[in-house]
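For reference, the structures are reproduced in the following blocks.
Heads up, the next two complexes both have chain A, just with different partners, chain B and then chain C.
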Partner chain A sequence: MRRTGGQLVMLVAINCLLLALGAAISGGSFLSLFNLQSMASQVPEIGLLAIGVMLAMCAGNGGIDLSGIALANLSGVLSAVVVSSVLSGTEDQFAFSLAFIAVAVTTGFVGGAINGLLIARLDITPILCTLGTQMAFTGLAVVVSGGKAVMVGSPALLSSIGNDMFLGVPISFLIFIAAAGLIAAALKFTPYGLWLMLMGTNPKAAVFAGFPKNGVLVATYALSGTLSGIAGIIIAARNVNVKFDYGSSYLLIAILIAVMAGVKPEGGYGRVICVVMSAIALQLMSSLLNFGGLSNFVRDFAWGLLLLTFLAVGRYDLVGFLFPGSRQRVGSGAKPSSTGT
Partner chain B sequence: MNASRIEQLQESTARPAGFSLGEFIRRRPESITFVLLVAICVAVAIANPAFLQPSTLIDIGRASVVMGLFALGVFIILAAGGIDVSFTAIAAFTMYSLTVLVLNHFPGMPLLVILLVATAGGALLGIVNGLLVHHLKVPSLIVTIGTQYLFRGFLLSFIGTVWIMSLPPQMGAFGRLPLLQFESANGAVVTLPVYFLILPAAAVVTWWILNRTLMGRAIFAVGGNADVASRLGYNLRTVHLFLFGYAGALAGLAGIIHVCANRQANPFDLVGTEINVIAAVVLGGARITGGTGTVLGTMLGVLLIVVINSVLVMVGIPSTWQRLVVGSFILLAAAFFVTRQRKK
Partner chain C sequence: MKATTKKILAGSVMAAALLAGSAGVLVAQEKPVIATVVKISGIPWFDRLETGVKAFQEANPDVEASQSGPATADSAQQLQIVNDLIAKGVNALAVVPMDPAVLEGTFQRAMERGIVVVTHEADNQINTHADVEAFDNDEYGAALNARLAECMGNAGKWTTFVGSLGSRTHIQWVTAGENNAKQHPDMELVDPNNESFDDANATYEKAKEILRKHPDIKGFQTSAGNDVLGVGRAIDEAGLTGKVCLVGTGLPNPSADLLESGAITAIGFWDPQKAGMAMNAVAKLLLEKKEVTDGIDLGVEGYNKVSVKQGPGKGLLVIGNGMVLADKATYKDHLF
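This part shows the complex of A and B:
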């Protein structure tokens, strides 16, 4: 595969280019320690969700996880409501934080496992299933919180996750890197990783080869859900309040990051390191647009354009795009061939 | 004729006698939608007799126009095995830019021309979708998520974010033009506007395209199996362009009706309702992997969602529960149809 190493080199090059561009535009202040730290603390939420999307895409058969940000919000909201009804965030700060983290991660795990079970056991198409759960998770968050923002406050441990540095690196960023590292290791060194990628490449062959298909699917979506749960913790830690509709554009951005990282939407290929690099690249771009004083709407426009551009660059040799008709291509919307009637 | 239809015929000839309820449901999944709809209506009518007032029913009819037009577009794409989430952005884009255009440059433009321009503009944006989906060769979900942001971002950053309260007079008049008007028991005037007729008209056109034209066969064939369809000589490019163009046209029309009906143009409207629409189509029995579904089912699905949305409050369930209920309905319907299918 040409893109195995090439994609990573390209992403590193893009990152360096963006850093250089930022430095040139801002006269060096873009590279100041403060700015770098503030950018690094913004990456983890979206980066974790993007890794979840990547895992679901790798599973193949139209796999995608659209419920990521909804689940992250649900984890934060549910955890805030449940824990603060038992413990007080101001009196017993440490216990509150630990309980908050435990409940949020559990919520994420359970939500993801529900996705996985629905997809694996009931054979519901991932798009439909995660659309449904996306709505159900958001709905549950609305019901639990009554549609209002829920106060988490800044108890000791949580607030240090959101705001403090360790050796000059934001702790949330370190958590992100650690989670990414664990997933990368799991994909590389355990049978699970091999099963996931091979299953994504050819689901039918995987079944005949005796892979534990259901187990792999459930594990994949549960893992993605757990990452959402962690993202929920970081969102709560950084924002003091949690609300059901936080990060409405994260769904697109998570998919954009995964596509930029060269993850194949049809399954079977994706690298965690590329996702991390492309999340960082996107954050750099976002900060650059901020430096230019452009509105959020321009940013949405730019993300849409960028997603389509990367799809064009990654999926389609540009020469063929400019001169169509030279070869008959069999393209289609979803992939009906394997799951259709 | 699509695969499932042929299957139906074969089954009906193979087993002329003996009627099995399971078989019937599997062949006509929209019957479940219908039963569910009736059940909900009966339950609500018992819990709160106010539901049966003509004004409530007309409200439901009025509320289903925009969603119904969207749903027809989504259904035709779903039938071909794709999915579209950009239609709300297309509608918002068309309605707002057209309203601005009419207000500032052509204040005298007749209404018919406005509707035609909206439809054509929507179709154009839809064709952009179709071209991208066909040439980029990626799942249409990802492409249309991209174009949704592209269209909406363009609208909000370059065309405007101002809420237009005073519409051009001809558009406002169209929104109020009554088809049916009477006074209800409590003295309020209840109106069924003329624009309601557009929905049944669009439904009939869609039904005609799907069941009486070659394009309809091509759509179901592509939804059944795109590779086989292209080997049979269907031109996938034409099918994709038609599909997304048609869905875009319906979205453009829906957008301008939304403006006329609400008597204001808000560029932030509509986007965000797409999951409801997809839910409606899926609840109507169309399979998300393509190749199946009926226009009637889609319309029933739309009614179901509109009824759920508008009656929750009537039976005393707080409106905060709306998303949770609709989300669970999607999952239940999906699970139900899948398990039905497996019991062949």
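This part shows the complex of A and C:
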């Protein structure tokens, strides 16, 4: 908390700056309610995946989850195929939606648990394991769907997840915030959170201290998988159709968001709120460039620049440098207090 | 967090809130905006389409026409651009969908907001006002295959490439090609529908694999704009120029060397410039609440007498006559 409060300040400042810049460029329409809603409904897909990546990274020992978007697509595709073979999306709209959500979340959970079991029990390096399962999930989705888009339609409940607002906020965004909040609470207030961060900091010490290492790993990847399942539901609800190759660019963007949020790639530290702010920052920037009518190659360049900036902030205590009055104590990051979320 | 950082935090949040408050004053758009969104930016095909959008802009100063597209070939990225443009408040969208199915939900929301939606290369798009096609896709696929069969002497192994299995038109062309090849019982289709993702390098690698796997292969029918370049290079490097036939969608300028060397037998295309102009012309007609009727002249070469049918949804299907097949002898007439 102490060490990386600067990260959060920077993220909030960047978000405000981007909003201000957008307003200046578009003559205000960037801040119109409709655009804010439009951007808010675009964040959840990638934001959920980024939180999954963050959890895997926190587990340490080179933890990462590359299978996120593949699992999200598989959840959507499998659920659409299975549920529509039993129920009709136009007749039993409510039942269809509930069944769809249940199957998608279960698929995500099972897929994530498989990742966790492979990594914990067979001791496979996470990057290789999730790369393998990523291809397996994509392959399975291709087989199940025959390579075509699968129609989900707009049954009552799903359609409101994708399109409706609650008090002016898109429901998909509320789901994202709720999921993020739950995970943040789990990390801060439960033993699981403490175990995860300490294990990420020093896996060997964690084993000798008698932590349930395998349990924590399986739980972490299962959580990440469940988030992918939820992302799959939101994708299906918004796009009406699901397809195996949707969002192939999300893989790297999710990692980018996590790293920008100051999650330590070597494990042991990450804050959910930073990941949420970082996902929002990327969304604002990409919408901003679309508003400005700039090429999407500029966006890639800008994202890269933003990432480098954040790496510099994380390393050199830039906030303290710019505002000497607030210079923070560096070097206390390894303390358990860094589990603050 | 120390007090100063808290102050900065609070200050920036307040500044943003102030800006948000003052944002009520919208700058009025005097001209209707037609936004063209392509599958991917920065490749020759869609660069050519952009020249059409620019030409349309010059000819029609009473609208504002511009083009954008994702930097990576991912339907999710294209979806984001379309979402942002809708939020920006454009009056019409002219989209070449990466994957029509993925865009349905967004197009539906756009149409509900009163935005005119025109698509291209997506004759199965349900939520669109009009889909503009350069030609009948089945006829085009059959014409490509007929040229391939002629070169192969109506016999031998052949294969097909598509941009992606989700690219509907590509699948239509190769399917029409397959149907055409059925007239020639000696033509044997092997490993069909290879995905190229419109990447010349990936196509080159894949074509090399196929040439290794089937040393006796005689023909390739390709679909995405860059496929002929990748496959052509593989044929050229394997020293099979003249022995293996290659007919596919491609642009004359990038294909010129390989056409000259004979690695590419013939290229088929429609001019994306004209297609871009036609899309924008239809969008403008719809913006002006004019009707698009059968046989109407869009004022664009190849689209002077379009056939208008009912599409799969509520929208129209506008089919022009813009097919071009060019080989070594004729490609110079269409240099772009």
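We take it that the second predicted complex is superposed on the first by the 290 of 341 C-alpha atoms of A that agree within 3 Å, B and C clash if a C-alpha of one lies under 4 Å from a C-alpha of the other, contacts with A are read in each partner's own complex, and residues count from 1 in each chain.
Convention: contacts are C-beta pairs under 8 Å (C-beta built on N, C-alpha and C of every residue); 3 or more make two chains touch, one makes a residue touch a chain.
Please read these numbers as outputs of a predicted model, since none were measured by experiment.
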Look at A:Gly6 in the shared chain and tell me whether it touches chain B only, chain C only, both, or neither; answer first, second, both or neither. second
So, does A:Ser29 touch the first partner chain B, the second partner chain C, both, or neither? second
On the A-aligned overlay, A:Phe94 touches which partner chain: chain B = first, chain C = second, or both, or neither? neither
With the two structures laid over each other on chain A, which partner does A:Phe189 touch: chain B (first), chain C (second), both, or neither? neither
Touching partner for A:Ser249 - first (chain B), second (chain C), both, neither: both
What is the contact status of A:Thr133 with respect to chain B (first) and chain C (second): first, second, both, or neither? first
Considering only touches as defined above, state whether A:Phe297 meets chain B (first), chain C (second), both or neither. both
Tell me the contact category for A:Phe166 with respect to chain B and chain C: first, second, both or neither. neither
With the touch criterion stated at the top, can you tell me which chain A residues are shared between the chain B interface and the chain C interface? 147, 248-249, 295, 297, 299-300, 328
Within the complex, chain A is touched by chain C residues 1-5, 8-9, 12-13, 15-16, 19-20, 22-27, 41-42, 66, 68-72, 74-77, 79-81, 83-89, 99, 101-106, 108-109, 164-166
Chain C partner contacts - residues on chain A that touch it in the complex: 5-6, 8-9, 12-13, 15-17, 19-20, 23, 26-32, 34-35, 37-39, 41-42, 45, 147-149, 151, 154, 162-163, 238-241, 243, 245-250, 286-287, 290-291, 293, 295-297, 299-300, 319, 323, 325-326, 328
Flag every residue of chain A that touches chain B in the complex, lowest number first. 62, 64, 118, 122-125, 127-129, 131-140, 142-143, 146-147, 248-249, 251-252, 255-256, 259, 265-266, 294-295, 297-305, 307-308, 311-312, 315-316, 321, 324, 328-337, 339-341
Would you mind writing out the residues of chain B in touch with chain A in their complex? 2-4, 77, 80-83, 132-143, 145-154, 156-158, 161, 222-227, 230, 236, 240, 272, 275, 278-279, 282, 287-292, 320-328, 330-331, 334-335, 338-339, 342
